[in-house]
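Each of the next two complexes has subunit A plus one other chain: subunit B in the first, subunit C in the second.
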Partner chain A sequence: MDVHGLVDLFREEAPQASSELLHVWAVFWANFKIFLSYRTWVITETLSTVASIAMYSLMGLQVEAKRLGETGYGSTSWLAFALVGVASVNYLWMCINRISHSMQNEVREGTLEQIIASPIRLRSYIIGQSIRGFLVSGYFMLGVLLVGIFLLQAPLVVTVETILSFGIIVLVMVGSYIGIGVMTAGIILVYKKADPLTFLFISITEFLGGVLFPLNYLKNYPLLWTLAWFMPYTYALDAARRVLLTGSSLTSPAVLTDLVVLTLYLVISLPLGLRVFRWGYNRIRDEGTVATY
Partner chain B sequence: MDYEQLTSLLSEEVPRTKTPIHRMVASFIVRDFKMWWTYKLWISLDITGTILFVASYYLFSMITTSQQVQDAGYVTGGYFTFALIRIAYQRYVSFTVEGINDSIRDEQWMGTIETILSSATNFKTFLLGETCFFFISSSAFLLISLVTGLLLGAHFNVTPLSLLSTVVLSMLLIASHIAVGILSAGIIMKIQQGNPLTWAYSWLTQLVSGVFYPLKFLPWYLEWVGKAFPLTYSLDGIRLCLQSGQDLSSLTVLSDAIKLIFFTVIATPIALYVFKKGYDAARRDGSLGQY
Partner chain C sequence: MGYAVETLHLTKVFKGEKQRGKRQHVTAVDHIDLTIEPGELFGLLGPNGAGKTTLIKMLCTIILPTEGTAKVNGYDILREPEKVRSSFGWFHGEPGGRSLYWRLSAEDNLRFYAYLQNVPKAIAEKRIDALLDFFDLSEERRKLVKDYSTGMKVRVMLARALLHNPPLLFMDEPTIGLDTLSAVETRHLLHALSVELRKTIVFTSHNMYEVEQLCKRVAIMRRGRIIVDASPAVLRDMIQDVRAIEVEIKGKNHPAELGPRLVAVPGVKQVIEQREEADTVVIRLQVDDEYDAIPRLTERLHVDGVKVSAIRQVEPTLEDIFVRLTSGR
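Entry: the complex of A and B
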């Protein structure tokens, strides 16, 4: 090929798939294929999940039923109580971590510049990564619940209505945190590191959300009790436990209140998260530090 | 400077003094500390995470009964002290099992492993240096966990002899787990990716080594599986010393110590053999510096 032929080739307008939906699908599919290539990881994580649920079941043998009865979720078993907490917190952690982790990975691998320079919008990239995160986390959450219900006989109220309600609660819960996830991604773009933030975030969520113990015990510590009710996860876990432990419906006043609070968090945190993300995105382009690690 | 001068300068034999091993190890500790100290935010969050973890189990212990823990022979402190001991020693376990792996992976990641190994530092010194820093930082986290636990009301029943026995058992815990770490590092050298052995070890011990509940809760077959892991004996011995005031003169604690020594003596040569094979294979394939 002569020089002129080569120049013409470069000038040629390549037909581009401009649909955002296609971009989202492409990002999701590329990352999902990467996930599927880590077979050993999937197997070990699955086994680890089963082992941890079995561990919780054995831990529950030390719990005094009378004290657990004071939690406000009826006469349930500790395994069922903890199962809902562990399943939901792990799901949340994996979903939120996915956005920040993928961004950090691109920065470290030096591929963020290519992504930004490509016709794919960063918004499509984040949505595609998030969908991959939701599906993979969903697999593990389902695993936790299935092992708990069928293998360890955790007494959860399982009907079509409670399953659907739980699904809706989980979606709203993730929605209420999506702003934080996007915000973290924006911070990573600038500071190139946000592991400590997500780590602290999950430690505090697990502790103040009452994953392993009834939240009532925090009442003796007014500061912690107040902080606990500032976290959206506390509302999500309360709603999920009411549905799966006592069979409450989404329209029951307590669950409905929790859902309203979660929606408020979504409405407030998402624009804030997007603002921080845009700030980070513009800043690294202004400073020319997109490829810097 | 003309080229002849330059050639003679480069040809000159530089008299090399052999650096004593303790100075090399000290250099590793200083280097790792400096790197660790640059992540101050991470350190403070790590400490916060540890405190929150202890606090979670303190609150969980409020809904538990101490009966089962006492029946298992851990007389004082109830469930909270029982769980606290595990949390405190968790860092030692993870640094010995995963620390060596992580160090090698980090050096591979940064592309510095070949530089280190082509210097006067041999691999044994490198591993020793890395291990020493991990030991110091894990000890700091052990202290932080124990102090937090004490502030939250953990109770111990100790005598000078039981404390001394705890130190001996802690050393045996580290020695026995280092064998697992070396074995896993040998595998990682060869396969160059995440090590299933470490993961499997982590989730299996979590289930069968009496980490958060007494061993008698396990069905007999899992109890037998638990007997294959050094963590089971380490935790049992240390808890008996710290919660029941027993020491190495007690038959149970002595039996735990002997089993740990037995495990270390058998597992260490096997682990070193596997590591040597992995290391030699990586050097032969030229993949030592590959990530």
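Entry: the complex of A and C
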């Protein structure tokens, strides 16, 4: 193709109808392809997930079955109890981490300037990145559950209804944290680093949410007990365990209450998160730090 | 029809670091009033830190102005940023082609940006094929960009800027990192786009030769301000008193301090440019009087044992104007 051929090609006018759906798809598709290019990471992460589940199954042998009766989820095994916690907290962590760090990667790689200079709306960008995060995290969550159920014989209640219910709970759980994720993304844009804070956040969530131990144990520590019930994850994990360990439905009062609380968190935190994100976005445009060379 | 670019007191002040308790502000762009007609090929020159890139990034809506405003293709950069963003293509010669996704192939990078720019799929594919072919990337279109050379990355970035066929192109040092042939082809393309399709092109470069060849109008920036805005012919008239000579030296094994040593010769003001051509080095000097300087330089180079293949008086170029205006001499 020579100069004249190219000029002739550009004589053709193309209709340019803006489509948010196409923008969301483009962000998801590009980021998913980038994820697939990290084959070694996917393999090692998968192996490490399987190894950690095997370790939990051995740890479960040390736990007295009687004490698990105090959890409020009927007579279950510790492996099944921990499996739901580990699968859900990992999923939450990977999704939120994706949302909060996606723009940081774009700043570091110098691609954010091109994104800003294009007609894509920021919400389309965030949704595209989130969908990629949900899917990739979903792969690992599914891996945890499948290994637990089929390989290690964890006694979970697996029916179409409980699987669908668990899926809905997980989505509402991520929704309740999306505001925090978007807010963190805005803060990271400005301060460029928030890893210590995010690690602290996830450690506190794992501990106070009762991922590996019954939450009742915290009753003796009123401050921790109160803090635990301020976290949306506590409600999400409670709902997930009720469904997968006891077979409760979404309409059972306990699960429904959990879902209502999670929705409230979503409604309150998302507008706040978007405001902080907008602040961060405009701040870097003001400071001229959209890319760091 | 209005201007392609119109700025009114456009200003950018960056907050600097605190020094002795006081924050040091840096004025990168200082109350610029500028208009560029549709179809114009406009050159923007200036030394590093003059404010060229900040000015362009404000017009691209990437950086927010501190004061003033601007319209791009008739759209206000502050009130209608989304419309502005659909109406231009931007190339920025970042170090090492960092603005691309390195873990995507060239064609996937282009596909991604085509979608963001709302180019219909069939047309996008046609243009991607043509651009990759033009920029000689067809054979390696599926290779990840991380495995590309710097020149190849630059060519992908150029293709990206053109992909959605915008009426306005901001070309911030588009030939940086390109080999000679690709640079010539790129200049031909930009010229053809301007002449045949009446695209507005705002072009920055450190290569005075290409600015002079391409642009009908040139502005020179210094410390955030436009100090001159005229055609290359008018600019050349402004420096009729500038005397320039070129010394052509055989071979390339010359000490780096040769330039400074020549400046020490009486009557030589400064080295304007030092470039390599085939097996020679060409040094361009600004002098007080060429008839006085040529014998002195010849003698000095002979004493130093440097083989001079030619020494001649030359017409002043944009480089001379640029050096003179920006160095304040």
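Going forward, the second predicted complex is superposed on the first by the 274 of 293 C-alpha atoms of A that agree within 3 Å, B and C clash if a C-alpha of one lies under 4 Å from a C-alpha of the other, contacts with A are read in each partner's own complex, and residues count from 1 in each chain.
As a convention for this text, a contact is a pair of C-beta atoms (placed from the backbone, for glycine too) under 8 Å apart; a residue touches a chain by one contact, two chains touch by 3 or more.
Remember, it's a predicted structure, so these values are computed and weren't measured experimentally.
Applying the stated contact rule after C-alpha superposition, one finds that A:L212 touches subunit B and leaves subunit C untouched. Judged by the touch definition given at the top, the superposed model places A:A51 against subunit B, while subunit C stays out of reach.
After overlaying the two complexes on the shared chain, residue contacts for A:L223 are found with neither subunit B nor subunit C. Within the superposed three-chain model, A:E12 lies in touch with subunit C and out of touch with subunit B [touch as defined at top]. In the superposed pair of complexes, A:L200 makes contact with subunit B only, with no contact to subunit C. Measured by the number of subunit A residues touched, the leading partner among subunit B and subunit C is C. In the superposition on chain A, A:H23 makes contact with subunit C only, while subunit B stays out of contact range. In the superposition on chain A, the residues of subunit A contacted by subunit B and by subunit C do not overlap at all. On subunit B, the positions that touch subunit A within their shared complex are 39, 41-42, 45-46, 48-49, 52-53, 55-57, 59-60, 62-65, 68-69, 79, 194, 196, 199-200, 202-204, 206-207, 211-213, 217-218.
Across the complex, subunit B is touched by residues 40-41, 44-45, 47-48, 51-52, 54-55, 58-59, 61-64, 67-68, 78, 195-197, 199-200, 203-204, 206-207, 211-214, 217-218 of subunit A.
By the touch criterion given at the top, residues 12, 14-15, 28, 54, 57, 60-64, 82, 85-86, 88, 90, 92, 94-95, 98-104, 108, 112-113, 115-120, 123, 126-127, 130-131, 133-134, 144, 160, 162, 164-165, 185, 188-189, 192-193, 196-197 of subunit C touch subunit A in their complex.
Against subunit C, in their complex, subunit A makes its touches with residues 1-7, 9-19, 22-23, 25-26, 29-30, 33-34, 37-38, 109-111, 113-121, 282, 285-288, 290-291, 293.
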